[in-house]
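Each of the two complexes below includes subunit A, the first together with subunit B, the second together with subunit C.
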Partner chain A sequence: MATRVLTKGGVLVGLCRLRQPRLVTAGYSLSGQFYATAAAAVNTAPLITEKTDVTDKILNIPLQTPDFFRLSELFSLQDLFDARVHLGHKKGCRHRLMEPYLFGCRLDQDIIDLDQTVEHLQSALNFTAHIAYRGGIILFISRRRQFGHLVESMARDCGEYAHARYWQGGLLTNAPIQYGPGVRLPDLIVFLSTLNNVFQQHVGIRDAAKMNIPTVGVVDSNCNPSLVTYPVPGNDDTPAAMELYCRLFKTVVNRAKDKRRQMELLHGQSATAPTASSL
Partner chain B sequence: MEWTSSLIVPQDSIKSNWLIPAPPKVLSRQLCVSSALHRKNLAAAGPEKFSEEFIKKQVEEYNIGKRHLANIMGEDPETFTQQDIDRSIAYLFPSGLFDKRARPLMKVRPEFLPGQLKSVQWGADGRPFHFLFYTGKQSYYSLMHDTVAKVLAAEKQQVLLLSEGPVPQDTKPISLVGSRWLLKEELEELLVETISDHDYARFIQLMERLLSLPNCLSEKDFVQRYRKQLEIQSSKQQVAPLQYDENGVAYSTADGRRKTATCTVLLRDCGSGSISINGRDYLHYFPVLQDREQLMFPFHFLDMLGRFDGQCTVGGGGRSSQAGALRLAISRAMLSFLSEGQVESMRQAGLLTPDPRVKERKKPGQEGARRKFTWKKR
Partner chain C sequence: MAALCKVVSGFRNGTRLFPERVIYVRQSLHSTDSGEPPRGESATLKKKRGFAAAYDQHTDLQQKQHPTSVRLRSTRDVKSFASLLRHSPLLQMGPAKDKIVIGKIFHIIKDDLYIDFGGKFHCVCKRPTVDGERYQRGIKVRLRLEDLELTSRFLGANTDTTLLEADAFLLGLFDVKDTKT
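Presenting the complex of A and B:
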């Protein structure tokens, strides 16, 4: 799940689960689902109704353009610099796997390469937008006590979910027991800080990888980016940087949801128009 | 994990044995469809969850049924209580079964009563209703979130006011006298969720922090929701009204008990401070100073040493317990002559509390109540 396959439009593997909703009952998404035989896809009687046609069109149109949601105009390298996103930790705290993402080291402090950050952040936000467009559940996680309230408010404002508290062991892996049978797990997990309070990797990263849930994570120079699907190298300690990330994610999710509503109205109208005329 | 409900599998692959290799052209992975997998692990599923509308419908049906039953029995549907329902059902469906739980019953399930059961927390599309659902303790964490929001708002306001200038604010803090924080059990009941001791401690800490900020008066209602008013203990004291005899002299009677001694006391106002016990003077009845001190203590405490005349009868117990019983009886008798403040001070001094200590029984295998037999090493 950690590897990325570049497809048209830069949208990744996590999307296939949501591509054909008619094979899933009432939005209950399972992770081990893809063991159906190829024969199965052929034998299912294709119920071509107007409704599924419209849904297909709504779902496929955003995949045709690379930046359908125009997220490149949301931020620039200068904004990242002003929000102090390029500041990493000291040289001694550096993680070996973060070395490719670092620009250099100045007076023992690591500087993150903002060119790479811009690309990574672009693709991460694009992926988030597509997930939100398809009505997926997004869970924002951060174990930093200073920013917990900010993360929770941001999640509430964009209609998604947050977890800025102590992580109980089986929240993802033992979900039917903890929450009840028939619970739906998040379709995307966004880590605004991948470390927990004792500077170890957050358990949620490993659990999400186990449950085949794609992750977006802001990785600082002392974090391990290997299990994160979309790492975004950047600072996670400064309030300015955290406020920037929260603002960006909120805007992206809201924009994607508005776009979805717009598309439904547009294509829903065009679908019903011929029937209305036929009456 | 349920596999079959959302999987569409063609008929031929189910019938074919999974040991037979699949045809080379089509890449396929056969499913293991034994009946063991179909059986649901009911124990692991946990308590059943019901949706809100189901609960509401059940409660509505119960209420309608109750009214029908009242009409059948010829009684008023408005004042038909659960006891009446039980009686009517026992009458209409007589059952000879011994186990009470096996008999016919018409009651709302205790889980369906408001605030008992957590109904299903997500909608038809699977999206949970609450934004903190995935934390596991959504009500508790949402309460903490709101409290933190208030703390931050109060701090911001304080900073603004300070920047305007050091204005001496006479904002009185919220009065906490006469109330206490809700206990952990009460908070659990309020939130309909289990919380740990650590969580509870954190919550109290946060509330204290909110109260320590100067401009928290606006959150008074919010804070009072999590405080419980303490009842004034002295209001529980039942004070008998004063009685007057034929000469117009006020008197009152009371009883007292200590260990096995019982006594009754009759106190008369406008007296000279003479007390007679079982017909004898108290000096003769209690030769020991300690017992007389116990007797006088209520009068001495209220500075009414020469005011009352006492007529006491006492029986049972020994000299010390009789003195204690008399003290309690005198304090109780004096209540009708006193104001509320004096009653409260008496209560706090311990004059109105009956001493519960009695002789502990001897246990078998021991020499006395506590004393064990001498331990011998060999």
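Presenting the complex of A and C:
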């Protein structure tokens, strides 16, 4: 820790000497704000090229239509119904906060309202598509051992990441120390099941909220939907429903990435891989 | 989330999702043709309400000759969730106790058969001693259901503990010839 402070101080001093004219002209740069102005001076170093205009166009065009990737044709209410997405747990397992998403309770079994599910799933898939279009990292999480292989193979097929094993405590919150400095955290986390094996909320939901990472989560009638950014009320226990979700997410991510490549070719930009700078 | 739910319930009371879905389809079709967002058309489509929206919906339903498969789906998909649910076999069955259903074996671990009968969960049954070798993956069997989900509230717990399994008694193999006679 001490060495870190010293190096930072040394760098700072060096920067101050180089940038002294600029700091003087800034006028209001107080001693407390040396850090901020020095850092800002360093970050404005890259030159603005003509590529940024094309990049801005590529990034802004999808935001002008509500369903740019035409995801509403990927699934219908009938598909969800056939995959048994509307079946919830028994009444005694119900979470209080899931009551707005339930259609009703039939012979003690909760039925999830598929009209709401269709809209929530539509917006969640749209968000995932936009993140994938902009070159974001997507992490799929599911602690259900029955579907671990399905989730991992789906993530591999769409070129994204999956975590279907035991979640170590500091994976997101302590990443620079556990994995080395400068590690890039996911830009979106998709929970295909928000519970862990002891029916408690997965630690990743709380940690993603702490690290300002948006989450998409399939919430069953015994899950807590409050911290999930885009909850999708639906069944997460039946293989048919899980296969439907995996197929939808895989199709959406691949479609978004293909669209990005298509837009880059269309607007005459050289085919560079979407990196952090494009965000 | 609560705000979203209130908005959704407002939608449900009035017109269904179909006008909005039709609008999305139209906009997306135009966007693929030109590669640019539709200019005045999207604004006018969004603003139609009441009689105009209903007129659009009915003229679309009458236009059966449309080349894209998406249009066919939106005209075919007229059943609401409530009617789908009401006519589903799960609800028509009633209470699950002592109902005879047909299931399919999807996994076997030694003597345990994992059978899926169309409910939320599968059931696990022991391989019977009679004709044991005939029970393999993909075979259809007859079951007598006991419970759709094994749950119970234990002392001191806030919610039920669930086993994530259904309970059924294996009656035997399912022969297609029996139903025809």
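Brief remarks follow.
The rule we apply is simple: the second predicted complex is superposed on the first by the 220 of 279 C-alpha atoms of A that agree within 3 Å, B and C clash if a C-alpha of one lies under 4 Å from a C-alpha of the other, contacts with A are read in each partner's own complex, and residues count from 1 in each chain.
Please note the rule applied: a contact is a pair of C-beta atoms (placed from the backbone, for glycine too) under 8 Å apart; a residue touches a chain by one contact, two chains touch by 3 or more.
Predicted model, so just to flag it, every value in this text is computed and none were measured.
Legend: residue contacts after superposition of the two complexes on their common chain; A:Q178 is shown touching subunit B, with no touch to subunit C. Of the two partner chains, neither subunit B nor subunit C is touched by A:K257. In the superposed model, A:K57 makes contact with neither subunit B nor subunit C. By the touch criterion defined above, A:R247 lies against neither subunit B nor subunit C after alignment on the C-alpha atoms of chain A. Applying the stated contact rule after C-alpha superposition, one finds that A:T65 touches subunit C and leaves subunit B untouched. Once the two complexes are laid over each other on the shared chain, residue contacts for A:R156 go to subunit B alone; subunit C is not touched.
Per the touch definition, subunit A reaches subunit B in the complex via residues 23-30, 32-33, 35-40, 43-44, 135, 137, 139, 149, 152-153, 155-156, 159-163, 165, 168, 171, 176-184, 186.
By the touch criterion stated above, subunit A contacts subunit C in their complex at residues 61, 64-68, 70, 72-73, 76-78, 81, 84, 86-90, 92-95, 100-101, 103, 106-107, 109, 111, 113-116, 118-119, 199, 222, 225-226, 231, 235, 237-239, 266.
Subunit C makes touch with subunit A in their complex at residues 1-2, 5, 8, 12, 17, 21, 24-25, 27-28, 31-32, 35-38, 42, 70, 73, 77, 79-82, 84-85, 88, 90-91, 94-96, 106, 116, 118-121, 148-149, 151, 153, 159-162, 164. Of all residues in subunit B, only 1-3, 5-10, 12-13, 22, 26-31, 44-46, 49, 120-122, 124-128, 131-137, 141, 145, 148-149, 152 touch subunit A in the complex they form.
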